[in-house]
């Protein structure tokens, strides 16, 4: 089977990191096609950027030539899943939902831990829409200023582990979801610090997408009906610009 | 004060209808500036179109030259509010939320009634995200095929009134929200049929936006922080295409 | 239009303060009539007093001679709204609900901060009944003894600002609602301390009431039906005592 | 022990009916003192009347000379419980909550069935405030006009049984609560019609009140603190009128 | 009336302690029959043990010769209630639910405080299933290692009181439920420390069971239908082993 | 990898059917070991039987000689998952939760449709405990008497499809979960009737279990800690009987 995994920002290095992460979870018969939007922000850290990225991802996936069996949306807390499902019909797995579903299979309560507080509101929105917020006991971010976080990744890692420990000890989380597509490398460290399972959204999403494809399931046409034929100016965005 | 009201589709006639509706609610000192996206779908009936419209609306509002005090997003169940709040800081009132807030001020339980069933899922998502779903007792649509609805507006009106009566009698709704920017004309008819207050999102949103401006309030920078400076390819969309 | 704003206690100085606060929000064509109950407690700090005040307010508003277009109930967390709506049919806006609705328009999550812990339970009840509790992340009070609070208003202000900062930093509130009709003066101070919007219930309620009147809406007769004719001993309370 | 049971309206015949119903549940050592408010409506069918009744009941119970161990508030969906708890400290059992608690002990889901639709909103409010709404699958009323209901009690009984059957068959209720203090006589009939347990609020409340007294428990002073000393004009209402 | 109270573990001393606790709540005409399972764990501290205990309790109660009117399941957070209700038809009161129901009658919010953190998840599950979790503001355990807790009961008591104080002060609990069948002796101590009512599940359950019996109520056959006739290998467990 | 799939009843034919169903979902490298409890009911249709089955399944899985990587609990709405997770540490996937998780990945709202109404309460309990009830819009059963259902499987199939159509049309379900381990054969028929995806719990659970194993995840020791060493009389049940 072929799974398209879409980075939500325009940074190729992130696409490559996501692709490598996805490969760890993919079964032997699965081809992973990682794509980068041709426009949009270099990193997605808010709703304006997230909406733009949603369109850029739809635009980019629409340009994939080979047939594919599922799409993974590799932005934690980002928009776009429903649109992808409408356009392509195949299963579309958002890494936010994937992490929460997998967490729910492993324990009662889970927490999301990430670096930037400004992303927590959007993550919460996605979990609410997905009906997965009920067992989410906390959304935690390090409270370091952005610049410090970026200057010192080790510090960020320690702070994330600290928040994870608080999530387990204070909020009674049984499972930790890492709330960022680029955090996969931290899983082992956080698991050691907390002694509970740590879920990375990208690998979770790839695994779930494979399962849905293998079960012969598709996105519900009742929830995500194919768009009706109509005039759409400027779509596809890249095509209309070319 | 000046309020920008954004149609979500590219159909000028809808923009004009929305503008006239908005004028009914606007106070004497309020200038209403109605804008039409320069790209996107001619009508918005699903998530793919809604995401595209969200970007087109942000793009169009960013092109408004005059200073403005608030934005009204005139698409029922559509995306984009959070992005507008991040970009412009002023209060941004989505007509879906506006209708639900006003309904909550008038009675215990409310229902949303609209024409097309395919839009109900998105409306529900918006209400959940806004924390306004708890007192929403039902989301109802006529079950007529789309073509029939469009061919016979009177039939649509009767069917909407029928669903509103069911919402009151069966679901115990105290207030009816009309779930479409273009339905304002039906309010009186539905009110007669049901004997309960009927809320139109556009007028509700304009009224609420005026109130927020008069109270000197702005969108919370904690919920909707201004975007950080960064490279964003292809933004603004129209600018980058020009 | 004419809006009756009802103080819930018998202290005229509070009525005057509420009236002045209301005037700040009222539009040019709005007449604000502030009324004081003719019986009941000098301050309302619990359910017994709140029920008594609810009846005293209904009694007092029933004695207003001029026609009016809306009622604002100016007691945070107090009873009475539903009764006023039944008796008078016009929109009735409770300042607790008003603050929460406005907060919901400005951010995702809000908190209520007030001085006395003993009032938090009632506030929570009102928010639950109104279906507005879901996005309320915390209800916080200073933990100073009552006498100290009353002896030193500056200390109270500092403590309230401290709690507001906690609500933003720890509970992730995006907006702060001041949980007391008499706290309006603190808004600016709390906004400076927290950098998030601060909502005062009285001005919020006046703004919302004006909007409802301008939109031609009334309280839902399904939720708040006019009382049936029947024998009611001792009503109106003042009339029956006269 | 001595339990005061308060009718919420001024109709002595109802007080007597409630007293007899209470006696059925009371243990051998329990004295039941049924009281009638000295003012207020002859029947309570809305929020205005309910608030007035709440004060009239507090006023009347405050006039009871003998010491008592608990209070039962015998109005389904009516206000006043919290005030009584603050004033008297002893356990106060509202028949609405009592019915829902007992229903929860007997099955998963319960429904409330009553005669007048106009009372359902208030019942729902009480269940929400009490945190007991989650397992309430429906609130049903007969849809007969009031006059017909009153003219033909047998018809009312049949219609209530019909609604109870619908609650069991359609809404999956496991237990039926009769939503009116005066409906106790119907329990057997409804139980036969539905084959599920039927709970009457008055007997449930008396039983629970006895249990609380026997366990040596009191109302929580944290939830319902005793009123502070202060000037309260016109209280007690009857005393101030005398 | 005769109430069977079932210890969930095989330790006779616990059965005797539970029996004595139950006797404190039982009315003069009530006979309490305390039973010990004939197999299963010596103490129940997890789900594996809880499921085994559920079967052992059903097996043991099925062996009671005398007719009985109600069953009390004396394991906090343990499984089995629904099975007992199906088998015996009489009211079955689980001490977890009993404590939460009684707490709800005394205040708005309650907390559960117990010694071992590992039992909190199961307690939470029971409260969720019973629809009683909404007003549970916290589940707290001492964070002492098990061995220390067992070696020093006084220390455990102090730590439980400390957690109860936190539940009241930080989580705004109005009532404390002691989350363990063996904690009844601590109630007075915790009440002194917190000044709020403290509920012990065993006495609460006995009181509620008596009430249900006196009201002539039974478990709902819709929720807990009697088992159909069929082949069941190895049941009753003790009988089949004999 | 090796997955143990546990039938919950003693009927070997059901075990074989479940095994064949599981094989359809299992990847090429996966060995499925289907086991039958050595005691318990021949079919599980209630809580008494479900608790007994939970113990019988734990007993049977404990007797599996080969190492295994995950367990699938193949009883819809049945007990036991938490105990298995405690005993074996590996991921344990309950088919009820599996179906709901997969449904959530495919659409907004889902419904469960099954044959016997008496099982709906338990299914609801499992979904509540798992935090998956929020997006479950209905639980529907055919209302045929049991004997008729069993006598005429075709009739049962038609009735289930009818209920599924109602779930989609009336309750707005986007996905149907078949609520019984033995219903897999109906999926295609129900999908044709409804045009929405139909999820079978057994295949869903096998797919999810494979994913969890491949991701290197285990059950959370915080949620499901390994049992402490202690005296457990009569365990393992078969061992102690031997």
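For reference, chains read A, B, C, D, E and F in written order, and residue numbers begin at 1 within each chain.
Following the convention adopted for this analysis, a residue touches a chain if its C-beta (ideal position, glycine included) is under 8 Å from a C-beta of that chain, and two chains touch if they have at least 3 such contacts.
Everything numeric here is computed off the predicted structure, so don't read it as measured data.
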{"item": "Rotational angle, Cα trace of chain A fitted to chain D, multiple of 5°", "value": "180"}
{"item": "Numbering shared by both copies at the chain E-chain D contact, with half separating same from different", "value": "same"}
{"item": "Per Cα centroids, the chain farthest from chain C", "value": "F"}
{"item": "B-D against E-F, pair bridged by the larger set of C-beta contacts", "value": "E-F"}
{"item": "Centroid distance [mean C-alpha coordinates] between chain B and chain A, Å", "value": "28"}
{"item": "Approximate Å spacing (C-alpha centroids) for the pair chain A, chain E", "value": "43"}
{"item": "Between chain E and chain B, distance of the C-alpha-averaged centres to the nearest whole Å", "value": "51"}
{"item": "Contacts with two or more other chains, residues of chain F listed in rising order", "value": "108-109, 121, 125, 172, 174, 223-224"}
{"item": "Pairs of chains, among all present, that meet the touch criterion", "value": "A-B, A-C, A-E, A-F, B-C, B-D, B-F, C-D, C-E, D-E, D-F, E-F"}
{"item": "Complex contacts: residues of chain D adjacent to chain B", "value": "117, 120-121, 124-125, 139, 143"}
{"item": "Touch list for chain B against partner chain D, complex", "value": "108-109, 169, 172, 174"}
{"item": "Touch list for chain C against partner chain D, complex", "value": "10, 38-43, 45-52, 54-56, 58, 79-80, 82-87, 118, 121-122, 125, 128-129, 146, 223-225, 227-228, 230-235, 237, 240-241"}
{"item": "Of all residues in chain F, those that touch chain A in their complex", "value": "25, 27, 91, 93, 97-98, 101-102, 104-109, 130-132, 134-135, 168, 172-175, 195-197, 199, 203-204, 207-208, 210-212, 214-215, 217-224"}
